[in-house]
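Okay, structure first, notes after.
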């Protein structure tokens, strides 16, 4: 099915595949967003809409987009083919599940159900394809269900290797990326060109750097950027054309650098667990309301998986290498260090006073790590609290009680 | 995923025959042997059933422990709950895989089982084939024992013919593994020995495949789920030994005798069932009874294929040792994409003249279970086969609700019965 | 003359009995189930016989269904409530292709063929969340009778969103809404909507096909019926006999057995 | 100094008047009935009468429990986990582990010698193992709630409940009745099942002697026996254990008040 080349905006074929930002008026609002507050509001709106307004706008303007399931997919490849990569991170608290329950068992995480629900109810129609990385059995199996439910669409299960000690892993991963590329080429209707990938690497490098700056700013001056604000600004980058996100972040950072709010007295905690399914904004606010200052977390890992990916040499190889060598320490990736060393290092690095395990209900990879982490923390007398959450919840009584107790137990003596 | 049922004594209603007796003896001998293993003389390797490297490890003189099998043996003996509760006290959540909790609880309690003590690992071989939990589980063992771990990364099988790059990747890892073992044991790798072991493996696989294919006969002389699960023990645990290969000769002779003498699983085979899913080991007999009551015989099942799809023609090949080991690891049932799993089931339906499908979902096993609802939907709507989906746990007796399961099974078989008697227009009857 | 057949549905909360003669329902009874199931079943049968002005000796055949079916020792046949609801619904509404049965402790969606045979079914698993008992507890917590809450929920103007339908937590959830100043009718509308949404996903599992017949005790709740109709955007059959559907089905199964034996 | 602790629970509201952090001047309990504010007012009235204290004489009010944030009378609120730890240690100074079983929840707490909570775990969303379940059983089995515990002590072969869901457990109990299981065996079975669930929480936290039971279930000797039998060690109980959270919050209120008087900035505290 060799579709004609994309002609978005004024880009000609010769240009590197940076998608044009002039694609539609739908995104104009973002470009004119007056300040951080406005950006956050827009982000909340766009991200809270499970029909993916940005991807729809992109499609209306003649573009193609490919959705990827968390946690990691080399979205640079999608970008390099002139398509819009979007991370589909569940349906949020307002999505009603009536179809997906029938196809998935009862003991599965909410994100798997909401993602399937969106697919079955036409909410993902803006996407031409879906990539599921092998982060866990649920995500892996979801690919097969999508393949049956959406017969016209491209689906792909990306095998992210778990043997980090073998010389054969890099060549394998490059081959694995090539297979993904072959499918993406068909969706994009154009061929892979290393030059385009180089340009995409540069764009993503820039985006990651800015996201990193935002995180640094928050770590140093938590009062100036609330957790929810940071979360929304970062997550916006998983759905907006990356160039537009870069623009927004640049403006946001300029404004934030000038912000100086009064610091609050709070318990500094590292949040471990929500790398895939995302807690509701209410729950994030609750963390701060109950007196926690989040100094480290695992949200939006894709946007900070590695640092700069060099563009000299073979860009595909660089991309694969970057994935393998990234010092990422989360539940869905085997790490060279032990869990014990990992968690202690994280606590030390962030100067945290405690650890909060926020595990998505039924998320097995996260649940299993808790035990090893907790053992390490107990040895060092570092306080921790474990709570489970679901993206769809309306009451937080239990969560509030536990959080308050946790904070109180550190503040009263 | 998993292995094979263990040393439970046969009960009335089982086939009281030579295969079952021999199987019990093999299980006992195996555990007796383990009790003395460990240390530099007879080092112990822990391994997972899916995509395992038994042959290579055995050729270096390791004893092999399969924690999945130990766990299921404990569950059949009603000893899983105490281990699971202990694991929960260690911090493992309610929704963690029952095998993991049963095993890690057991290990933390000192490793003593009704069959003897399980030795500590000298080596942890993690075949990452078919289940993500494998990685997490082995990581936990590695941290608690400080034992070295080798991760054998097996890509997911997404096309019927494996990708060339995947095989290359796995073969390269196997060589690296062999070199590690040479260093660790101080022994040189002996290719001839591996080939010899593989020949035994192949003989066992051929025998096992023959046994399974007997389910095609009508009536079926075998119970392809409840009985086959007992007979999985040799193929999964003793593969590569002459014992395992001989075992299936005995079993197949038995099956022939059954056919001759009309000694069948049930006096009357009323419904030919395909069973998909891991069994509820804690209530194995109860579950089986729910089938027997309705004259339902499982003639084919997917679960006995978790150790490899030998009945579909795959066999280890001593002429291409590493390549065939790699192909084996790729092809185990749960390492196949749902598209391939569906295709396999479709073929089984036809080849084994299946009347109905029973899917048993495991609440704590996402690898096997996530997507079984979709499978059910596909079977009923696209294949027109009556299908029942029920859910409990393979290891945790607290999640087996007999009254509810029985009610569903009764309703299902009752409705099959009813449909056979009411002469409904063909379009309405989904069969 | 056709025989008098009794169908008994011994549920988790109520015992239902229907007496069938030919195609005619000549008597019925509804009584609570307590700790002594055997006695409760006897009582249900007696009540139905009294309703029909018949003697015990006249009942030629007794068929039992419901969770208590194995306890009804005087029954000659036991059938699961799934086939019974299908038969019963088919008898009253021959066009039925999908039955939704919500009782005290479970919810079932049953797809039926043109002769009333069960083609596929699905039941709530995992727990008893979102069933009739849940509504009872909520009604209690708000100080209403079970019969009042349906109509009241229909008056809601700002239905709340309720995610938890755990029966045990229902009470605290309801109280926490009340303490936040929410109106009972809005809370109730939210509760009803959440049960409907749960049922819908169950119905989805077997495939939604008209006609839909709603049975079980909860079908007496007008709020639920209306909410269901709205969500389906289609009519839903409800009969005054809805709660007796299981018992009726059992009686029909009993009748079929009698005839089969006679033939 | 007189401080008042109010524990607004989902089923009952408890109050304690504490003098100088040492002497209990009075206790009171009223059903919450979905109206925390009214219940708290009633409790305050009774407390005043019992302790012979005018409302104006109360120096500080600290609330806790599920309705802690809805009371205008409060000076401070703390979580009921924090406060029941304190209360338990007040009642039994050797306490290092607290089990708190109320109407809808059960928790296990590890505490220091001052009652500070170092670790805790509460039952998950599924409420299958707490006091409300006992109340329901009382209704089904037609045994008054106060009589259940004593009757259970006669059990010879307790019949455990396997269902994790409170609703489905009812069916199981009904089945047991139909099978003719003797009443004491059923009752003890219920308590043992609850005890097992609590035990799981306790093991997660780590059990260290002494263990103290607090919350409404202290009135139930059957539960106490089931618990100590299950965990294999004695359990401290006192009728005042029902007031542990209220008591603890009165203590925390006092500590807070003292700090304010010593001029610690209020922003540093949890309010």
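Note that the chains are named A, B, C and D in the order they appear, and that numbering of residues resets to 1 at the start of each chain.
Definition applied: a contact is a pair of C-beta atoms (placed from the backbone, for glycine too) under 8 Å apart; a residue touches a chain by one contact, two chains touch by 3 or more.
In this text, all values refer to a predicted model and were calculated from it rather than measured experimentally.
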Chains most often in contact, by C-beta pairs: A-B
Chain of greatest Cα-centre distance to chain B: D
Separation of mean Cα positions, chain B and chain A [Å, integer]: 36
Separation of chain B from chain C, taking each centre as the mean of its C-alpha atoms, in whole Å: 41
Chain B and chain D: spacing of chain centres that average the CA atoms, whole Å: 47
Residues within chain A bordering two or more other chains: 101-102, 106-107, 386, 388, 397
For chain D, residues that touch 2 or more chains besides their own: 66, 124-125, 164, 168, 171
Residue list for chain B, restricted to those that touch at least two other chains: 91, 373, 377, 391, 403
Chain-level touch network, classified as line, ring, star, complete or other: complete
Interfacial residue positions of chain B with respect to chain C in the complex: 373, 377, 380-381, 386-387, 389, 391, 403-404, 407-408, 410-412, 414-415, 418-419, 422-425, 428-430
Touching residues (chain side chain C, partner chain A) in the complex: 122, 125-126, 161-164, 172-173, 176, 197, 200-202, 204-205
List of chain B residues in touch with chain D within their complex: 85-86, 88-89, 91, 94, 397-399, 401, 403
Complex interface listing, chain A residues touching chain B: 101-108, 112, 134-138, 140-145, 147-149, 157, 159, 161-169, 171-172, 175-176, 179, 331-332, 334, 338-340, 359, 361-362, 364-365, 367-372, 374-375, 386, 388
Complex contacts: residues of chain D adjacent to chain B: 124, 162-164, 168, 171, 175, 200, 203-204
